[in-house]
Every structure is written in C-alpha cells, then in structure tokens.
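Below: a set of structures, written as structure tokens.
Two complexes are shown next, each including chain A; its partner changes from chain B in the first to chain C in the second.
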Partner chain A sequence: MLGTLQRLGRWGLGVFERLGRGHLFLLQTIGCLGVIVMRPRLVIRELHSVGVLSLLIIVVSGTFVGMVLAYQGYITLVRFGAAEALGTAVALSLVRELGPVVTALLFAGRAGSALTAEIGLMKATEQLSGMEMMAVNPMQRVIAPRFWAAFLSMPLLAAIFSAVGVMGGYFVGVGLLGVDGGSYWSQMQASVDFHEDVMNGIIKSVAFGFVAAWIALFEGYDAVPTSEGVSRATTRTVVHTALAVLALDFILTGLMFQ
Partner chain B sequence: MVDTRGPAPETLRSRRPDDAKEPLINSVDHNRPLVEIRDLHFSRGSRKIFDGLNIVIPQGGITAIMGPSGTGKTTLLKLIGGQLRPDRGQVLVDGQDVQRLSRAELYRLRMRMGMLFQSGALLTDLSVFENVAFPLREHTRLPERMIRTLVLMKLEAVGLRGARDMMPAELSGGMARRVALARAIALDPVMIMYDEPLTGLDPITLGVIVTLVKRMNDALGVTSIIVSHDVAEIAAISDHIHLISGGKVVESGTPAELETTASEWSRQFMQGLPDGPVPFHYPADAYEQDLLGGA
Partner chain C sequence: MTTRTIEILVGIFVALGLAALFMLAMKVSNLTEYSDEGGYTVSANFDNIGGLKVRAPVTMAGVRIGRVTGIQYDRERYQATVAMTIAPAYDYLPVDSHASIFTAGLLGEQYIAIEPGAEDETLRQGGRIEHTQSALVLEQIIGRVLVSLTTGGGNGNE
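The block that comes next holds the complex of A and B.
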C-alpha cells in the first residue's frame, strides 16, 4: 500500500516536473521568436522541410477523405431527397472539422515525429552542446525556426487539405454519383460562411499548429540522449499531439459553435 | 583634407564584445593562471562527482587531466565551459567566475574557448566546409571570400582541405575529430578543451591527432586542456598533468615527476598496471568459499 502510494507520488512529481520543463521551454522559445525577422532564411529552410515535404501526404489524404465524405454524405442525403446539398455537407465537414484535425494528426505523424527525432539526435550526438560551446544559442538557431515553420505550415496545410477534399468530393459526387455540378458548388457557396466556418477552421489549425510544434520540439529537446530515448520521445510526440489536438478540438468547437 | 581611408574593414573581431576588456588574448604569460578551480563540489543525484576539487591551469602550455573512467573528467570540462553549475565552489576562467556570468557574458567568454568533443559534434546537415565556417558566419560579418580563405586555412592546418565538400557521415572518426578541431580554432580561441580526443582511434590517426594538438598549441599560443586516459600519448605532449580520483586531485606535476612518483595509485595509473591500489578483482567473497558454497 505504502509502496503504491510512493510510486504514485513519484509519478505525479515526474509529470509536474515535465510540465514545468515544457512550459519553461515554451517561454524560452517564445523569447527567441524574433529569429523570423533577424534570420528569415533559417525559417524558410525549415518551412520547406516541415511544410513543403508534408504536402504529398496532405494532398493524397485530403483527396481520399473528401471522396469518402461524398460517398457517405450521398447515402444519407439521398434518403431525404437532398442530394444537391452534398457540396455543403462535404465542405462544412472539411472546413470546420476534418481539415484542421486530420491535418494536425497527419502532421504529428509526418513532420512532428521527424522534428523530435532530429532534435533528439542532435542532442544525443552533442550537436546542441557543440553549438552552446560555440556561443550559439540552440534555442534561437535550431528550435525557434522550426517552431515558426511548424506553426505557419499547419493552417496552410489544413487549407490545402480542405480544398483538395472538396475537389475529391466533387469527383465522387458529381463524377460518379451523378449529383448536379451546379448544385454542388452553389449550395456550398450559399451555406459556407467565411467568418463562422472558414475563420473558425483557420483558428483551430493555428491552435493545433502551436501545440503540435511545441510538443514535437520539446520532446526532442527533452529526450534522453540515447537511441532508445529518442525512439520513446518520437512515440510520445505522436501520441501526445494526437490527444492534445483532439481535446483542444473539443474545447474550441464548444466555444465556437455553442 | 579628405580622408581616403574609408571605413575600417570588418575583421574577425568586429562583432566581438568590447576588445578593450579582453586582456588575455595572445600575449601568453605562463605564470598567470587561466583557469582556477576552487573547492569544487558537484553531484549527480546522490553520486558525488567532485568533493573539494582544486586545480590551477596556467596560461599557455598543455595541461592534461587524467583519471579512471567515471571520475568526472568530461563533467569538469562542462563546468569550465559553464554548461553545468557546481553545487559549491568556483570555476574562474581568466578571473571571471563562470557561474556568475549572464548568458551574454558567458557566450562572450565561450567565443574565446574552443572545444573538441569526443564525438566531434559536427552538424550533420552541413558539409565539412560549412561546419568550419559555422562559427565565423554566426559571430562575424566577414565577406564570403574571407570566410572561404579562413576556412581553407583552418582545414589546411588539419590536413583536410581536400575533404571540404564531404558530409560528416562520410568521414572516419579521426577525420571528424580533425574537422572538429578546425572548427574549434575557427575563431582563434585562447583556450581549447579536448574531451577524450584519442578514444577509439587507430595508431596512425592517433599520432596525427597528438601531433595536431601539440602543433596547434605551439603555433597559436593557446592554452590546451586535455581530458584523457591515454597516458603515454598525452604525457608525451603535456606540460602538466593532474590525476583525479574520488572527486579530488590525487597528484599533480610534470609527466617526468609523475613517472617517478611515490604514490602507488599514481604509479599504477601512469604505468597501466592491472593490479594495485585499484584492484583487479571487484570486491567479492573469498574465492574458495564462493566455489564451495555452490556445491
């Protein structure tokens, strides 16, 4: 009994200690965000590896998600004779919800894990210590540009995801299921509100980008500098980002659409 | 009269802080301590690494810090470089208490230190050339042509000018350390710290690194601090040796003095004897008793 309590206490202390380190890390990162003005090239290079290289998975996934949405939506809508509203159903699902959420989950798997592994390996091979000893602040040189890149990439990737999803929905709905093309676009145009739907989706993806970047970079920076430590940190990045994004999505949705 | 000289060209020191406050640079005074470690205490968890360590490292020359594995030699370099903070005591570098410096002051001090990590710590996404150019690009605003010239000079000094376009993954362990050495001297430091520079090297590469350390020290007039347990090779080039064990300095002196020391422990360490004050056998019950106990 006493042993269980001790273990529970130790676990609790460990969790709070990590939370504290995570928040200190975030504060240090925010303190270095001026790098985007002072050295924009560093941010642009990271935007390529974090954002541009994630494009393929986002485009392919977005297309498939849009196509599946069209199939599922059509089956339900046609029962009520509202097949023309397919464009609205696909667009609202993507813009409000699936675009930001699925993009964040894919981002965690593709770019977040890569960021954690990269930073963790830099730590394990003493590259970060080497920078410190060369009087170069790794928070400014390594962490802040990657934070910016992840933060800026997420809303853009989510927008692309939603756009190709709408196209995928059009292909299935209009091309395969015979929904009228004019209705698909006009219903969508009439029902999707820029402020209520699109802006809220963008706000969500910005929040997810912030959280995903923070978790991925902190896990790498805080990783135990061994191969096993980096491997665990990479796994934690994907799991924690997924859970954080889903929980945050619930909170934001509650606030936005109540 | 018109001044035709124009603005002074930016030099290596152009972004360095307030040169007037930098007393130690290249005028080497061998009697003046560059690093002073006073009553240093440091622990990792419940394990005491240093327990009142005192070391004085004079300016110029090569000082070796030796001791068995796990005695905290690398930790000592990290304490000197301000990467770790001691529990108690002082680490003074050029009279400045490293632990009391602000981050900016510490970085200014580190710009005058070079460090060679055991792994080389090269940036794996940059080529050899870019690795050596890295500190120059970060701390100076030199024109690209001058950076190229300086990098090629540093690489020539370590014999790797021809490897400038290679990536770190393509280098052998010895080559990586030579590139790291070229990078460590890129900003013309006054002090270079070497963390186990000879570990895992073949005899030829080992000879190359030993020669380079000695040559760099003599040519650049720097203070070299080498942490190692490769006794013969390091003793051959060192001016002073400090032997540490149990968190303290157990013996100090020139290599010749330590060869003839009366201390059995030091003699065992310097001559690499398998048995002595540090026993060959890990403490255990009596051998016969142990064997019979299993019957």
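The block that comes next holds the complex of A and C.
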C-alpha cells in the first residue's frame, strides 16, 4: 500500500519536475530570441530545413484533403439541392479547423521529430557541452534559431495548406462533379469572414507553431543522451505535440467560435 | 547546398506563404467587401426582423448598396431599430423609400431590400426610412395557411 503510494508520488514529482524544466527551458529560449536580429542567417538556414522541406508534404496533403472534402461535401449537399454551398463547406472546414490542425500534426511528424532527433543527438555526442566549453551559448546558437524557424513556418504552412486545399476542392467540385465555378467562389466569399474565420485560423496556427516548437526542442534538449533516449524523445515529440495540438484546438475553438 | 540557394528557397517559401495568406484574404473571405466602408447611415424600424443579422446586405433592385451595421431594440416603440450604412454612390434614395426584410432563397440569409419612393427629397446621414415591412416568419405563415385551410374545410361541410 505504502509502496504504491510512494511510486505514485515519485511519478507525480517526476511529471512536475519535467513540467518545471520545460517552462524554464521556454523562458531561457525566449530570452535568446534576439538572435533573429543579431544573426538572421542562422534562422534562415533553419527555416530551410523546417519550412521549405516540409512544403511538399503540406502541399500534397492540402490538395488531397481539399479534394476529399469536396467529394464528401458534394455527396451530402446535393441531397438537399445545395451543391452550390460546396465552396463554403470546403473553405470553412479548411480555414477554421483542418488547415491549422492537420498542418500542425504533419509538422510534428515531419519537422518536430527531426528537430528532436537532431538536438538529442547533439546532446548525446556532447556537442552542446562542447559549445558551452567554447563560451558559445547553445540556447542562442542552436535552440533559438530553430524555435524561430518552427514558430514562423507554421502559420505560413497552414495558410498554404488551406489555400491549396481550396484549390483542390475547386478542382474536384467544379472540374469533376460539375458544381458551378462562379457560385463556388461567390458562396465562399459570402460566408467566410476574414476576421472571424481566416484570422482565427491564423491565430490557431501561430499557437500551434509555438507549442510544436517548444515540445520538439525541449524533448531533444531534455533527452536521455543515449541512442534509446533519443529514439524515445522523438516518439514523445510526435505524440505529445499531437495531443497538445488537439487539446489546444478544442480550447481555442471554444473561445473563438461561440 | 550553398547559402545562396538556401536563402533563395527560403525566400520562395515565405513568398508562397504570404501569397497563400493573400489568397485566403482576397479570394476566399469577404475582405474585399470591407473596402467600401463609409457612406451614410440611415435607420428603419421594424415590427419583427426575423433572423436579420448585423452585416447583412442592403439591396436595391437586387444590387447590394450597403450593409446592416447595427440592430437595437427601441424601448418606446416596441420595435427593432436597424441601422444600415449605404455606400456614398447611392445618395439619391427618396425619403419615402420602402424597406422590407426578405429571405434569399427558402432557407438563405435575410437581407433588406429598399424600393425607392417618389419624393424629390433624398435620405441623408441619420435619416429614417418610415415605410417598412417586417420579415416573414415561417411559423406565422404556416399558422395562417392552416387556419384558412381549416375554415375553408368547415365551409365546405356546411
């Protein structure tokens, strides 16, 4: 009985300790964010590996999500004789929900895991300690540029995802299923509000970018410096980012669309 | 890869992202409609506005000439006061114009249709449209139809 209680207590303490380390890490990172002004080149290089290289998967999945939405939406809407509202259905689901959320999930798999593995391996091979020995602050040299890159990439990627998805929906809805092209766009414009829908989607993706960057970098920085530890940290990044994004999305949706 | 290539690729990425945002703003959402902000405001009282919402369109002969900018309840007249902003290009509405609330399609959103009157004097900023027609509430119509049907059936039996 007491043993079980003790294990529970140890587990709880461990969770709180990790939470605390995570927040301290975030504070330290925020303290180093000036790197974008001092050494923008570092950020640009990370933007390439985090943002540009994620572009392909984002564009491909955005197109397919848009196309599938158009198919499914058409099947339901045509029953009510409201096939013209297809543009609205596709655009609202993409801009409000699917764009930010699916982008964040893909981002966690494509870029977040890579960031964790990279930093975890840097730690395992003692490159981070080596930098400290040379009086180079690894937070500033390694962590902060990657944080900026992930934080900046996410809204851009989410916007590309939504835009490409709307195009994919147009391709299927207008090109294959024969919805009128003019009403696809005009119904969309009539019902999608810039401040209510597009802006809230962007705010969501900014929040997801922040969380995804934080989790990926912290898991790497906090990884047990062995090959097994790095592998575990990478898995945790993907799982925790997905859970955090979904939970945050629920809260943000509740706050935004009352 | 050289730094130059990387920088160019990142430049393309950022440009693509901004272009997507621009497309979402201009092509997907109704941001373009905000450009015609301004104009003059007139108000009208309705007995029942049905499901009219702020930012619903105000039309004349089916052409959008403005937007509903405010809906309030008038305590003294027990009516709804609807404020609408009309674009400055349409500053020739006669003072005895008629405002009605219609529904676009069977279940579409509601809008205000203005029919011009015959007076020479035109509506100005802060003006009031006196002749109004409330929204049709579907339940009331169904109720009326039912009543007329039943009374009609009663007459037939007699």
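Keep in mind that, in the parts below, the second predicted complex is superposed on the first by the 258 of 258 C-alpha atoms of A that agree within 3 Å, B and C clash if a C-alpha of one lies under 4 Å from a C-alpha of the other, contacts with A are read in each partner's own complex, and residues count from 1 in each chain.
In this section, a residue touches a chain if its C-beta (ideal position, glycine included) is under 8 Å from a C-beta of that chain, and two chains touch if they have at least 3 such contacts.
As the structure is a prediction and not an experimental result, all values here were calculated from the model.
With chain A as the common reference, the superposed partners chain B and chain C fit together side by side. When both complexes are overlaid on chain A, the residue A:227 reaches neither chain B nor chain C.
Within the superposed three-chain model, A:155 lies in touch with chain C and out of touch with chain B [touch as defined at top]. Rounded in steps of 10, the angle chain B-chain A-chain C defined by Cα centres in the superposition reads 150°. In the superposition on chain A, A:95 makes contact with chain C only, while chain B stays out of contact range.
With both structures placed on the common chain, the touch criterion links A:137 to chain B but leaves chain C unconnected. Of the two partner chains, neither chain B nor chain C is touched by A:76.
In the superposed pair of complexes, A:129 makes contact with chain B only, with no contact to chain C. When the two complexes are overlaid, the chain among chain B and chain C that reaches more residues of chain A is C. For the pair chain B and chain C, the least inter-chain C-alpha distance in the overlaid model is 12 Å. When the two complexes are superposed on chain A, none of the residues of chain A touches both chain B and chain C.
Interface residues of chain B facing chain A in the complex, by the touch rule stated above, are 81, 83, 103, 107-108, 110-111, 113, 115, 117-119, 121-124, 134-135, 138-139, 180, 183.
Those residues of chain A that touch chain C in the shared complex are 41, 44-45, 47-48, 51-52, 55, 91, 95, 153, 155-157, 159-160, 162-164, 166, 185, 188-190, 192-194, 197-198, 202.
Residues 121-122, 125-127, 129-137, 141 of chain A are the ones touching chain B in the complex.
Those residues of chain C whose C-beta lies close enough to touch chain A in the complex are 3, 6-7, 9-10, 12-14, 16-21, 23-25, 27-34.
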